[in-house]
Amino acid sequence: MKRRTLMLIIAGVALGAGTGWVLFPLALYTRESQPVNFSHKVHTGEQAGMTCENCHDFTADGRFSGIPALDKCTGCHGATIGSTDEEKRFVEEFVIPGRPVPWRVYSRQPDNAYFPHAAHVKLAGIACEECHGPHGAGDALPAYQANRLTGYSRDIWGRNISGIPSHPWEGMKMDRCVRCHALQGRTDGCIDCHK
Amino acid sequence: MGPTITRRDLLRLAGGSALGVIFSPLPWKLLDDSAIWTQNWSLNPPLSHAPISLAYSTCTLCPGGCGITARCTGGVPFSLTGTKSHPVGRGVLCAAGLAGHQMAMHPLRIVQACASSGRSVGAVISPLEREKAIAAIGAILNGLSARDAPHSVALIDRRPGRALSAVYRNFLSTVPGGLYIVSPSAEDATLTTLQQMAATPAWIGGFDFEQTRTLLSFGAPVLEGWGSPGQVMDIWSKRARTGFRLIQADSRPSRTARLAQTWLQLRPGTETILALGLGHVIIRENLHAHDIKRTTRDFAEYARLVARFDPPTVSALCGVSKESIEETARTIARRPSLVVAGTDPAGGPLPNEARTAIAALNVLLGTMGTRAGIVARNPLPGEPVMPPATTIDQVPDQSIRILIIDGAESGYDIPVSLLRKKVHPQGAIVSLSPLLTPMTAWADYIIPAPAHLELLEEISTAPGAVTCSYALARPLHPVREGSTDPLDFLRLLSAVTAGAATTIPTRDAMLRARADAIHASGRGKVFMPQDGAWIEVKGLATTEQFWQKLSEGGCWIDDGPAQSRSVSFSLLPGGNDEATRCLALLSGSETPEGSSVTVMPYGVRGATASAQVSPILSKIFQESNLKDLDGTALLHPGTATSYGLADGDSATMHNGAGTMRVVVRCDGAVLPGVVHVAAGPRRNNSDAPGCVGGEGILSLCEPGSDGTWRLTTATIGKAHGSEI
Amino acid sequence: MDPKSEKTARYGMVIDLDRCTGCGACMVACAVEHNVPPAESSATPRTGITWLRVYGMDNGPEDSGRDTAYIPMLCQQCGHDTPCIAVCPQNAVDVDPTTGIVGQVPQRCLGCRYCMTACPYHARSFNWWDPHWPAGMEKTLNPDVSPRMRGVVEKCNFCHARLHQAKAKAALEGKRDIKPADYVPACVESCPARAMVFGDLNDASSDVALAAAAAASFQFLPRLGTEPKVYYRSDRDWIRRKADHTVHSSLTEAEHR
Amino acid sequence: MDKELIPRGVRRTTPGRFLLWLLPWIALLGFGLYGAYLCLAEGLNQTNMDNRFAFGLWIYLDLTVIALGAGAFFTGFLLYIMRREELRAVINSAVVIGLICYSGAVAVLMVDVGQPLRAWFTFWHPNVHSMLTEVTFCLTCYLTVLIIEYAPVVFKNRKLRQVPRFLVFEFELHKLMPVLAGIGTLLSFFHQGSLGGLYGVLRGRPFAFREELGIWPTTFFLFILSAAAAGPSFVLITTWLVQKITRKQLVRPEVFRFLGKVSGILLLGYVLLKTVDTFIWINATSPSIGFAAYSFYRSSSFGTWILFAEIVALGLFPALALISKRMCERPGILVAAAMMACCGVMLNRYVMTVQTLALPTLPFDQFLSYAPSWQEVATFLAVLAYGMLLYSLSFRYMTLFPQERELSRFPGR
């Protein structure tokens, strides 16, 4: 009798936990691949040897340009310079018709969040990798995942559904900003980071 | 134990899984995400992440010509500000101008040629192929003979003085029976009157506001839309230092009247009497210019006329105290001073004798051609000097076959009833307005022009300015598919008009011709918005360079006003009949019979029945009480109660011309027995596009024998039944 | 003080009521700057969204001897006992320690409207409708300000987005403190009569500090003890009398009404 | 089925007639829920509230029902803590009324806020200085307490008793009652108070602003006292009403008198303190922030008569009536006085909510008026209907009045 009860309950727990930990994330997030399989490795490695700032730079008024516009790419890729099919496709589909690439931005914050790169990079001297991880060395772009409910990128919450980062750079939710600012002994108001 | 599953087993399983779910991220993340979802649950539009850039242009909503600095994201303007230290705009814009970049997306924007199904209220406007529309217009044009309607094509230009206006006039001069009509702006009203009084009709003048110390304004909306707002506000805000004085003679408690240092609240329609009364005091106390006999041709006659207008008589008729009449006369006699006649954008022109009587005061005081007075202005290079154009009220009834209304807003509104009266029953009205205004809705054909800031346009001398200026309005938006450049319309029209043998220039050529003429004159300098630098025109070698500077947003300013030639004026251009007309006023105007009230329409420049403002101006018209929505009726509380009305009530006004629904606003500053009704913007989304709506208060205004409609009578009473 | 954080400012404003002509340019500039949607057809002066509103005020007598003043009312950024902060149940309102600006975070707000009942200046608006823009007009939204959703309260924050940009610009040059010229609110920038002065009240040499200290300057309802950082100035006594709401004036007001 | 659910030894009308009684309330509930749905789906533009009248009918009625619902905690307090056994006769009924009032109020609040899905923020990011936080916390906690207090009443039901576990559970709960009553009293004390504080702290609303005693404005304590006074009166009224409707004697007359006396004494205390507070307000608080208290009563229909009505007509008079032995002998007067007491408290809540917002603060403000939209009224009617239904069902199937059985056996005792 007792054993049966116990087993049933355990089975239930397993069922519930399984749903919550495995099925739920699959249902919650979409999976979309980027329009071009861009390789950071190729650009930052020996061949090109570019740095982050070469493409992700600031405009004169202190704004961060984020993902570079097409003309940045056209600078080198006006015509095919490599040998890969992907580059060939990129040149034909985007460069020649001058069609901007519809990149999906992994680390795009909600519109109501304000993050000044200038202050964090120039003043605080934080390295890109601290927040964005070593994706500069990555050869392929991971699939972009959007939260079906909120529409925001999965990387804001962090790849780990539990919300506990498995890497120090994972997750870009408010509590992370708050923690770091607290450690810096900064006093902020809400609207310092909300617009 | 049997294999049968009991209800309790299921309960245990459910309980267990509930426990399992609790210890998984599911409920907690859902709670969090659902809250984040509320951040954009109402589908708030996503913000642009495109780079930010600046663009420079010029506002063409009114003839003011203020410089615009636009902040754009991805090339789309998202905010406008006045260009810093711009010579015309002085670095500011008015409320309407600040939202100018939204006009192209106005919900009442018309983006294809349309035809109206009829002329009754409720008639429907439906799209029609542009070529078909033009063909139909041509058919009407050539179908009617010169006997039925002598004027084949007439065009109302509500913003004369543009290169486009010249093209219009050109076209109409070649068309047999072509007629060019203007509706002058408030500023021009006084100047054109003076032009008519001047011995040399070519004379052009401007108000030297900057220098003057006392400004006597007869109902001119000096602080609400006059010249370029920047300039007026500059003068106004410096008044504590400069001692600038504004005396407002106005029946309505307008913002200008409320703010003016002195407010002479005269009875409606008594401007002429007050002006002549002031003339009386000036002459009696010998305050007039010493050389008056030399500068005028009919001083004696004038003196004889005003002799009859002694302060007690005038005071009795105007409701302005004898003392303040004399005080005012003495104040304006302390030069430098100026006297201007107002034309309410919705109220229409003042009667002739009023305009001359008021203008005459300037001559009397000797402000003509003197510094800080009304000084002669050099004509804009390349602008053909032409005699003053006619106004609609001077056109014989039913004499027009095709009446074209230019889309630009500036002068006063014209009641549709008046337009209809002038057009032959088989004729047609064609509107070029890009927006479905209550006025446009009455047109038979609509050939919409591109919207504000969509087309390369030019903006020249602000009305009443002492020095000419010229700037280009660079487009900030692409031209919307389906709209027609007025020039193209003229081209298409001349193709179907018998005898029209003129070549219409391209827009670029038209504007370059102006620019070249200015460059050729070698006068003036160009202000550059990017760095606020000034460039001498002489310093620019080629016309191409000059054009380049203009298209970068540069603003050309002429150097100084013209050296004043002494011009002699006639104080009573109308001669004896005018004198008798004035004397007739002494017998007093008939007060409206018992049950009815005196009605005066009023409006704000650029926001009247013939104009549309960006929906965001609901902030000042609908979401606050700062300015008045269409159909707001200002009454004295006493008057209201005597008609059983209270503040906020909905009432109906009725007279022979029609009926309209108004909302009562009680204001102790309104004269008893008078109702001021606003012709302004309506509530957002309240106009059903494509449906002919009433034109508001103007539909009650029947033009009188003197060609004005600013005063009418109507009955007012509590409204019954549902909203109209 | 921590060298890491910039010097604390007390941003404030002085509005010259003798210059203001009630043209409404500030109201439009403000709405455009902050992506405030146009009114719904049934919106009224009581349900509209105006971060800044210009009111008309008369001196009483209703003959032609009357005098009128136009008064731009925005969040007064109360510096003491800020009425709206203490009442918010979930910290959606706070005063920014480094700028003295009273901030409101619509994403945190649950729309209980307690702060609106607390504000004596009626400077707060509630989103009674979902925001709607005519087709195409949503493309002209200011990218620096996030639009608000239905059911939350919003108010003036001295164009804080402009402060963000000024700070970013300074940061790019390695500086923490901004150039005052880089941070001017939309209403101040747009005022055709130049009736508004804005700046750091802590900086004694700034125009705004001098204007605020001048004799003709005053605050509305000073006796509430909320110490607004928005000052007004006028040479007309009757305006100052009305602004400083006293027992006497409150009685005469009541008589008048 | 229906038969087996009805408690032993009491008579209840036929299912048919009972259903007939329920039908109108069910209809009203449906209508009300539709109004609430509109507010949730379309947004609060469905109401007649606006930026100046940010609080309306809903907040006013929330304050009222919570004041009237105070009967639950105060009766519990007297019974379990002060050991006034005679109140056992009405405690169950009082609990049900409390449950209805509080759950109803919370439900309406969920419609009243613009973003219900964010309601939990108050628990996650609470602002401890806000009276509203205090209200939210205490309300939700006390609502749970009420549900637990309601449980034994349910488990006592004839059918449910057949499950042995329930019986045990119910028994255990009973031992817990004094504790729950204690907690309930504490919680109610705070949220009734903070509801008053809600207005007392409004420095920007001179009409409502009050001096502080400790960290709370005087309204904090006045609300507690007035609620405690109104509660028993409301229990008295409801019990009397149920007796009239069901044409049964449910409790002994002395219970009525006791409830009346308690209410009277508390009300008298409240009236005295309210008077003192009003004098301080008129002579010190309101002048100190530049407003003459009289000006609040000049600008409209809200004349000084309101003060008189609130303190004397609907305060002092009923208080004296409820205290005097001779008057309470006559049930008519007793009930009338109790009603007046409740009206007095309701008027107080009305003035605090509506007049506070209607009065101008800025020199160019106007006095404003507000009338609720049908959606607002409907939403509240839903709560009324829900209350009626829940009470009717509880009365039919549970023992709300323990004395009913013997009284029905020996009527007229």
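In this document, chain identifiers A, B, C and D correspond to the written order of the chains, with residue numbering beginning at 1 in each.
Going forward, contacts are C-beta pairs under 8 Å (C-beta built on N, C-alpha and C of every residue); 3 or more make two chains touch, one makes a residue touch a chain.
The model shown is predicted, which means the values in this text are computed figures rather than measured ones.
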item: Pair joined by more contacting C-beta pairs (A-C or B-D); value: A-C
item: Chain centre separation (subunit A, subunit B; CA means) in Å; value: 53
item: For subunit A paired with subunit C, centre-to-centre distance based on mean C-alpha positions, whole Å; value: 37
item: Subunit B and subunit D: spacing of chain centres that average the CA atoms, whole Å; value: 60
item: For subunit B, residues that touch 2 or more chains besides their own; value: 34, 37-40, 44, 47, 49, 52
item: Subunit A residues counted as touching two or more neighbouring chains; value: 61, 63, 110-112
item: For subunit D, residues contacting two or more additional chains; value: 115, 118, 121
item: Graph class of chain-chain contacts, one of line, ring, star, complete, other; value: other
item: Contact set on subunit A toward subunit B in their complex; value: 1, 4-5, 8-21, 24, 28, 59, 61, 63, 65-66, 69, 108, 110-112, 147, 149-152, 157, 161-163
item: Subunit B-touching residues of subunit D, taken from the complex the two chains share; value: 115, 117-118, 120-121
item: Interface residues, subunit C side, partner subunit B - complex; value: 16, 18-19, 21-25, 27-33, 36, 38-45, 47-50, 53-56, 62, 64, 66-68, 70, 107, 130-131, 133-143, 146-150, 186, 189-195, 235
item: Interface residues, subunit C side, partner subunit D - complex; value: 40, 42, 44, 46-48, 55-57, 71, 73, 81, 83, 86-91, 108-114, 116-122, 124-130, 149-153, 220-221, 223-226, 242-251, 253-255, 257
item: Subunit B to subunit A touching residues, read off their complex; value: 1, 9, 12-27, 29-30, 33-34, 36-37, 39-40, 44, 46-47, 49, 51-52
